[in-house]
Amino acid sequence: MVLVTRKASFSASHRLYNPAWPDARNAEVFGKCNNPNGHGHNYDIEVTVGGDPPEDTGMVIDLKKLADIIEAEIIERVDHKNLNVDVDFLLGTIPTAENMAIAFWNILAPKITEGTLRSIKLYESANNVVEYRG
Amino acid sequence: MVLVTRKASFSASHRLYNPAWPDARNAEVFGKCNNPNGHGHNYDIEVTVGGDPPEDTGMVIDLKKLADIIEAEIIERVDHKNLNVDVDFLLGTIPTAENMAIAFWNILAPKITEGTLRSIKLYESANNVVEYRG
Amino acid sequence: MVLVTRKASFSASHRLYNPAWPDARNAEVFGKCNNPNGHGHNYDIEVTVGGDPPEDTGMVIDLKKLADIIEAEIIERVDHKNLNVDVDFLLGTIPTAENMAIAFWNILAPKITEGTLRSIKLYESANNVVEYRG
Amino acid sequence: MVLVTRKASFSASHRLYNPAWPDARNAEVFGKCNNPNGHGHNYDIEVTVGGDPPEDTGMVIDLKKLADIIEAEIIERVDHKNLNVDVDFLLGTIPTAENMAIAFWNILAPKITEGTLRSIKLYESANNVVEYRG
Amino acid sequence: MVLVTRKASFSASHRLYNPAWPDARNAEVFGKCNNPNGHGHNYDIEVTVGGDPPEDTGMVIDLKKLADIIEAEIIERVDHKNLNVDVDFLLGTIPTAENMAIAFWNILAPKITEGTLRSIKLYESANNVVEYRG
Amino acid sequence: MVLVTRKASFSASHRLYNPAWPDARNAEVFGKCNNPNGHGHNYDIEVTVGGDPPEDTGMVIDLKKLADIIEAEIIERVDHKNLNVDVDFLLGTIPTAENMAIAFWNILAPKITEGTLRSIKLYESANNVVEYRG
């Protein structure tokens, strides 16, 4: 099996807080990420698909097609958006990188029909990364 | 003369719009950056100071001191903030990277007393950079 | 004045040789880059424009517009191409990074009408870079 | 077990096409990568070897030795080459990143006698990566 | 399960040699890394923790807390140090990247109580990396 | 004029101190960099040469030749060395990045006979950079 990975990027804002909690507890748990007016990031997403490259194409999946799926299903819906209020599939969840990676997996897994989705890696900053493997 | 550069990073959200304009013109000029609920970035800032390294230290400016100035004067005030409403020295200006670089220069120039401030470079994303040299 | 820089990328192949020279001299001067069947690179291009950001927009030039100009005038014409035979504006020149940067300048300078073109930087690899400032 | 990884780079050109197919199908499947005169990339290769570091050296494998093996067996044969015609071990296969990673594995696995080859990762560009684990 | 990774950096010097060996064997086995007066590196360390993000926080582990643990337990003890003589937990071992990654694991594993330590990745340079997964 | 830049890397250790000063003053001025047993870095050096590319080669200077000069004159003498005691041309100077850049300039300027040396840029870490332009 060969793993192929395609990277994409988007910029978004968010605020981490649990609406069921009082302000003091939100501030304690989420720290600077709880700033009431929000903050933001340039996110990098790496989508990894595994499969056997067929002999006639030598490609697990056409990376241009994979790029188009990521663009249409993810980037178009989160780029230059506020993740707390603008993104339908994140409403009702705390937009941590962990929850975002799981949500991206749930959207992309059924769309990928050549090979199988194996990993979603999300870089929130140069120092903070999460990965979800389903 | 030797130029020394120190890099730092912060994460912030913003929305680009001119309050004097109707919505349609704001949308046309600022495009995706005009999204009403804002978006955000991981910014990298590079501060360059020029001077002659004195023989007894061999350093234009102690880079730890320069790092402390950048942290106290800039990062503390913009990191995990909303640049439209949380940052006093940006109130009343459109928080484009250009305007931010000029504002950073105006704050840092008088604080740097070893060597002379020569450049503020601000990376809004991997593909977008601005530089102000006073 | 503020300098704004937009980065873009393309992949292309080329072969370095001077048709007026015998093979031995081409091999001596251009070394591995003279391989008869060519080789290739992922190129990064950084286009820098300088100007004063007007107060009503805070932008020297809309970076989206600059990106579109770079895409239409340069990337569309060189990406996934053979620089020796597929690119009209390089025909008759040796496609070194130096000559490419000059050719890109000559194309882009008249197209940039907000601000003024100040620099074309071309990365042929992580270790090799050229810059042309007109 | 400890995994050690050594990175190397090369520049090469290629054209993706299946000689058994008509032109129209090649153009449809391989898109821009099917350009008749080829294109090229700066490739990064990461070779990962796993093993237990012996107490007297503390090293799974001397990374200098691993670097020399990669240089002699891979880089010397593909750097500044046309992957369709200049590289004996790729003749008869479509030089996709997937097929290249598998070919590199088959060459390197028997040459690595301290520790065991665990992964070949090949970056075709900043956004496109493949990995083969045997 | 979700994997979260936090990156940190430090600068240190070391010399590779086995005190039980004669000079000639040390020189042969460790090459340039055996230079009697030592050399040094900027090291990057990536610490990966796995777990299920609880619904009320959406975080496997607060990355700020993880950063603080890495800072207090590792960075404070190795940054701007000589790894052969200044670092208590490395005394008596050859400070190869392999042995350092294992030592870091042994220190960090019991300190991480939200989620479970899954990997220590240590970059000795841009081209040399080791990973230990316990 | 076109500027061409070649990048190279080396790893070295050093200790910052002024032998004419008492320990307390050295500790105060140089901080962590004054650690008695030294520390180290992976340094990146960028050498920039300016000139007009002649029509028959299209190259300001053959970058392979420039790379060979940097390797022979700089890298061979500083890589895997202790900058305080192993490097003849640094003896008697405090090995700050500023002093190193000036020393590298003085060595390289007379060796570069195609084009003219224009800049030495030295990265001591990802966040600390110095540049000397003669």
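Chains: A, B, C, D, E and F, in written order; residue numbering restarts at 1 for each.
By definition in this document, contacts are C-beta pairs under 8 Å (C-beta built on N, C-alpha and C of every residue); 3 or more make two chains touch, one makes a residue touch a chain.
Note that the structure is a prediction, hence the values are computed from the model and not measured.
Shared contact partners of chain B and chain D comprise A, C. More C-beta pairs touch across one of B-C and E-F than the other; that pair is E-F. In a homomeric contact, the two copies may use the same or different surfaces; for chain C and chain D, over half of the interface residue numbers are shared, pointing to the same surface. The geometric centre of chain B is 33 Å away from that of chain E, both derived from CA atoms. The geometric centre of chain B is 28 Å away from that of chain F, both derived from CA atoms.
In chain B, the residues touching two or more other chains are 32, 126. Interchain contacts (touch definition given at top) occur between A-B, A-D, A-E, B-C, B-F, C-D, C-F, D-E, E-F. Only residues 9, 11-14, 32-33, 35, 37-42, 79-82, 84-86, 125-126 of chain B touch chain A when the two sit together in their complex. On the side of chain D, the complex with chain A involves touching residues 16, 18, 20-21, 29-32, 93-99, 101-102, 126-133. Put simply, chain A touches chain D in their complex at residues 1-8, 46, 53, 56-60, 62-64, 67.
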